[in-house]
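Two complexes come next, and they have one chain in common, chain A, joined by chain B in the first and chain C in the second.
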Partner chain A sequence: MNLLPFLCAGWLFLVGCYALATSRNLIHAVGALAVCQSSTYVLLLAVGYRSGGTAPVFSDVPPGARPVVDPVVQALTLTDVVVGATVTALLLALVVQIAKRHGTVDPDELRELRG
Partner chain B sequence: MTAERILPLLVAVPLLGAALLVGAGRWLPRYTADVFGLFVSGGTGALAVAQLVGVRGATGPVEWVAGWRPEGGSGVGIVLVGDGAGLGLAALISALVTAALVYSRRFFDEPPPGQAGAFPALLLLFQAGMCGFVLTGDLFNAFVFFELMGVIAYALTGYRVEEARAVQGALTFGFVNSLGGYATLLGIGLLYARTGELGFAQIGAALDAAAGGGDALVTTGFALVATGLLVKAAAVPFHFWLPDAHSVAPTPVCMLLSGVMVELGVYGIARLYWATFAGPGGVPAADAHRVLLVQGVLTAVLGAVMCWQQRHLKRLLAFSTIAHTGLFLTALSALTPEAATGVGVYLVAHAGVKAALFGCVGVLLDRFGSVDERELHGRGRELRFVGVLFAVGGLALAGLPPFGTALGKALCEEAAGPGATVLFVAVSAVTGAAVLRTAAGVFLGAGEPPAGPPHFPRAAARGPRTEHRSAATGGRGAGESGTSDEHDTAPGPEQEGEPETTGSGEEPETAGPVTRAPDSMLVATTALLAGGLAVGCVPALWPHLAHAADGLSDHSAYIAAVFGSPETPPASTAPNWKVSGVLLDLLATLLALVLARTAPRITAGTRRAAWARPLRRLHSGHVGDYVACTVAGMALLGLLLR
Partner chain C sequence: MNKTVRLWVLGVGCAGVALLFVGAFRRLPEFGGSHHPYGARAVAAALHRHTANVVSSVNFDQRSFDTLGEQAILFGAVLGTVVVLRQARDERRVPPEPAVVAPTVRRYALVSLPLTLLVGLYVVAHGQLSPGGGFQGGLVVATALHLLYVAVDYRALERLRPVPVFALADAFGDVAYLLLGLAGLFAGASFLANVLPLGTFNTLASGGLVPLLNAAIGIEVASAAVVLLAQFLDQALELVPREGEHR
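Coming up: the complex of A and B.
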């Protein structure tokens, strides 16, 4: 088993969290959240990978003729992409409203909800 | 139509209703849209209750969607499990959504032009997401429903997009919850890698079948999945989004967030542990106990301390929700069926009481354009009925028998041991006292009036509605509208550098100030409080709650039920009042009254407790800080699980 994809997924999640925590721009922060999410894509696809496997499409070959990668994780990843698109779109819409209402997209300058 | 076939309808009906409302909202008058929304949410609730009647323990209906049953022990089908806990929560969710719809009858008198159905449609979508989350027996689907209810909740929190605070609170909520969701998904990926299964029961069965018991990978998977659920449950230090979201969300949305969505995180943890990890191949009970106990105690104490410090009423109630979630987690850490029963009773009663308290605050907001304790001082005298409701809600929160909260608290104390009992009495007394203190100040004018002038002239709190509307339609530049909002953003002179959120300058949620509390609001609030009372007074409910808890906390029965060979559940003992529990409840209520009585002298004027200041500073409203705390919380979780 190759450990690299799992380390890569962990790295992506952590680096995304770091970017989120230190972000000075909310649009950048939404991007950082997307980086965190891409760690889940990497992990899921790595979990389902088989050495020498091809795409799980059986239009031209009978099932069992060759190794294929796990189609379940691909379905999960696709669902995940859709979820991510929804979240990103909504957060960006909120950032637009923040820019209009507060006149800034720097999280350091949003100081209303405290204590 | 068999019982199994009804299960998907509990998710599909609200989804379909929301789609119809959005599609036809353009042509519908407001009244029709509201009645249709009520019909759909109430009908879903009726379906859930009808299913619930025949359920005993884990032997409810189980539906493999589209007939994709597992063959030879494995499969890719998606399963919905209508056991007592799932269906019961679906019924609770539907009841609260219905109450919120009734409550919001007079809200938002000017919905977005041409979209009368937007708000009810969002509430129905929220209901669909939550019902899906409680009914699914599939971990990945639980993630999808988790994100669905999350996204709808962010949208509902920021529903009044023209308000500066609302969008900020919604954004914080969105970032922290989505991050938690992705941690959950990473955990699901690891568990799938180990077992090749995605269902709660299927993963549990596969883990139990593997030799050797749980290892680091399984534990990491549990920690990651639990992270997302703890974020939803607002356990410390994942809780920062909750007070910010509650401070800004419209009142009916607060009812749903505090009443049931946060508690679904607690349910998720219980379901995840018992269905999947309670077997020999999962997480040792000692580890799970340690995690839940530490998280629960931290959450309860911090919630109670911060609750006492607040002057923004919605924020005060939000921290009281955090404190109570901490109590739920603490009780759950006993990991016994009795503890689950206690948490179930407490949770259902708390939902009614907390939603009713938010309902009272909503009336104040619409009458006076403020939810600030000091600014409202003595002004609530005219709203006598609301005052009574609010005070009774505070007493119920402290644990006054015969409210369901008191019964639930007594059961939890009994299940969790003497150490936890001290915590339960102290925390419920403090949160109840904070509400009672406010009730005395606002509705009776007790204590000293606030020192100095209010931060903002009353007119500023009353006026800005039209201003905002023109800002919305007139398309003014960002900088310009930023200055027009300055009365909202500038800190008052006395609180320069003081980390706190005032509740003044809030926009009422009705078109104009209401002269008296609208009937729809009062009816919904009273009904919710009566619901909280009924949980403690109607013995017919107790066996159902006990069955639901027994089913939830039985590892093998759940797996057997999902795989189609339900076991006959052992007879469970229905909870009942005990003298010791009643005495402890009365003690907590008495403590709350004493605390509330002495409170005006403590908090009058501007002096605040200095020792709590670092804690208040921690709640900085900064997304980056909250994310950093979430990551620290994940590390804490890892340390506790080892």
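Coming up: the complex of A and C.
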């Protein structure tokens, strides 16, 4: 049984977690979170893959001529990408404010609360 | 917690998650198998509604209520970014400096600007036929506008891109999606039901509500990206701390 695509998704997630936990820079941490999230794209697309399948688009392939990969997970991946992009934008905005107010983007230096 | 302890906790947690992953993945259906019950039904439903791009059909017809939530997330995130990156009391706005651009960059960017804009509009308009749609095309359109910043400078971009107008367009796209959904209710069906004539398969006017929802999303995504990038560009180029104030 071919587990490699699923393991690849799991590996991406764990690598992202490692980077997130050991990050010394908040911008780097936001990037690490994006890596974590990209593991879900790989997982979703791997679940929907079909051997010999083509894209689920019938503008140039007559319906039924070839097997197609699962369109439902592809649509979920699109949702995932959009949400990931917006979350990244919002987090980067917060990083900009943190850098301005505290003068650092190292999470270890942001220990004490300041008014 | 010091660094070594932290790494150990992380290692144990990651190892546990890895074990759970492998256990779960072994029970998943075979990779590349031909048994996709949801996929098969989605394809059949899309063909029944005359929509050639099944992914668009899933997003804007079969699951269009979820897409309403998705675009609400987009709208909320843009709103949040605008609030977080607003001009603070200890900041002032300086007019951006005119910039010198290498002639090759300028020529290339000015040539690719209208092309990119056209490609973006094409991708939005053909969402029901070929890969693409409102989300993808909207971003391409927003990119086209920002080529002006690459080609000329920030002042040119600001003249062409009044942020309040794009903020309004963002809200307009959001409301248009809702109103198109309400059309289903007025036609006697459910919210966001595909009640329009379905048209001929594989033509521009096919898929009923799908191209219209795609257009609404295209407007929203394009203007959301413009507003979002405007906040970050303002931070980098226009907002500076007031003199003599400690931060």
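Heads up, the rule we're going with is that the second predicted complex is superposed on the first by the 111 of 115 C-alpha atoms of A that agree within 3 Å, B and C clash if a C-alpha of one lies under 4 Å from a C-alpha of the other, contacts with A are read in each partner's own complex, and residues count from 1 in each chain.
Going forward, a residue touches a chain if its C-beta (ideal position, glycine included) is under 8 Å from a C-beta of that chain, and two chains touch if they have at least 3 such contacts.
What you see is a predicted model; the values in this text were computed from it and never measured.
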{"item": "First, second, both or neither for A:56, with chain B first and chain C second", "value": "second"}
{"item": "Touching partner for A:72 - first (chain B), second (chain C), both, neither", "value": "both"}
{"item": "Partner chain(s) touched by A:5 [first = chain B, second = chain C, both, neither]", "value": "second"}
{"item": "First (chain B), second (chain C), both or neither touched by A:26", "value": "first"}
{"item": "Partner chain(s) touched by A:47 [first = chain B, second = chain C, both, neither]", "value": "both"}
{"item": "Partner chain in contact with A:92 - chain B first, chain C second, else both or neither", "value": "second"}
{"item": "Common interface residues of chain A - those touching chain B in one complex and chain C in the other", "value": "13-14, 17, 21-22, 47, 72-73, 79, 83, 86-87, 90, 94, 97, 100-101, 103"}
{"item": "Chain C contact footprint on chain A (complex, rising order)", "value": "1-7, 10, 13-14, 17-18, 21-22, 46-51, 55-59, 63, 67-75, 78-79, 82-83, 86-87, 89-90, 92-94, 96-97, 100-101, 103"}
{"item": "Residue ranges of chain A in contact with chain B within the complex", "value": "9, 13-14, 17, 20-23, 26, 29, 33, 36-37, 39-40, 43-44, 47, 72-73, 76, 79-80, 83, 86-87, 90-91, 94-95, 97-104, 107-108, 110-115"}
{"item": "Of all residues in chain B, those that touch chain A in their complex", "value": "76, 140, 144, 147, 150-151, 154-155, 158, 161-165, 167-172, 174-175, 178-179, 181-183, 185-186, 188-190, 192-193, 198, 243-244, 247-248, 309-310, 478-479, 481-482, 485, 488-489, 498-501, 616-617, 619-625, 627-628, 630-631"}
{"item": "Residues of chain C that touch chain A when the two form their complex", "value": "6-7, 10, 13-14, 17-18, 21-22, 25-26, 28-34, 36, 38-39, 42-43, 46-47, 52-55, 57-59, 63, 66-67, 70, 73-74, 76-78, 80-81, 84-85, 88, 129-131, 135, 202, 228, 231-232, 235, 247"}
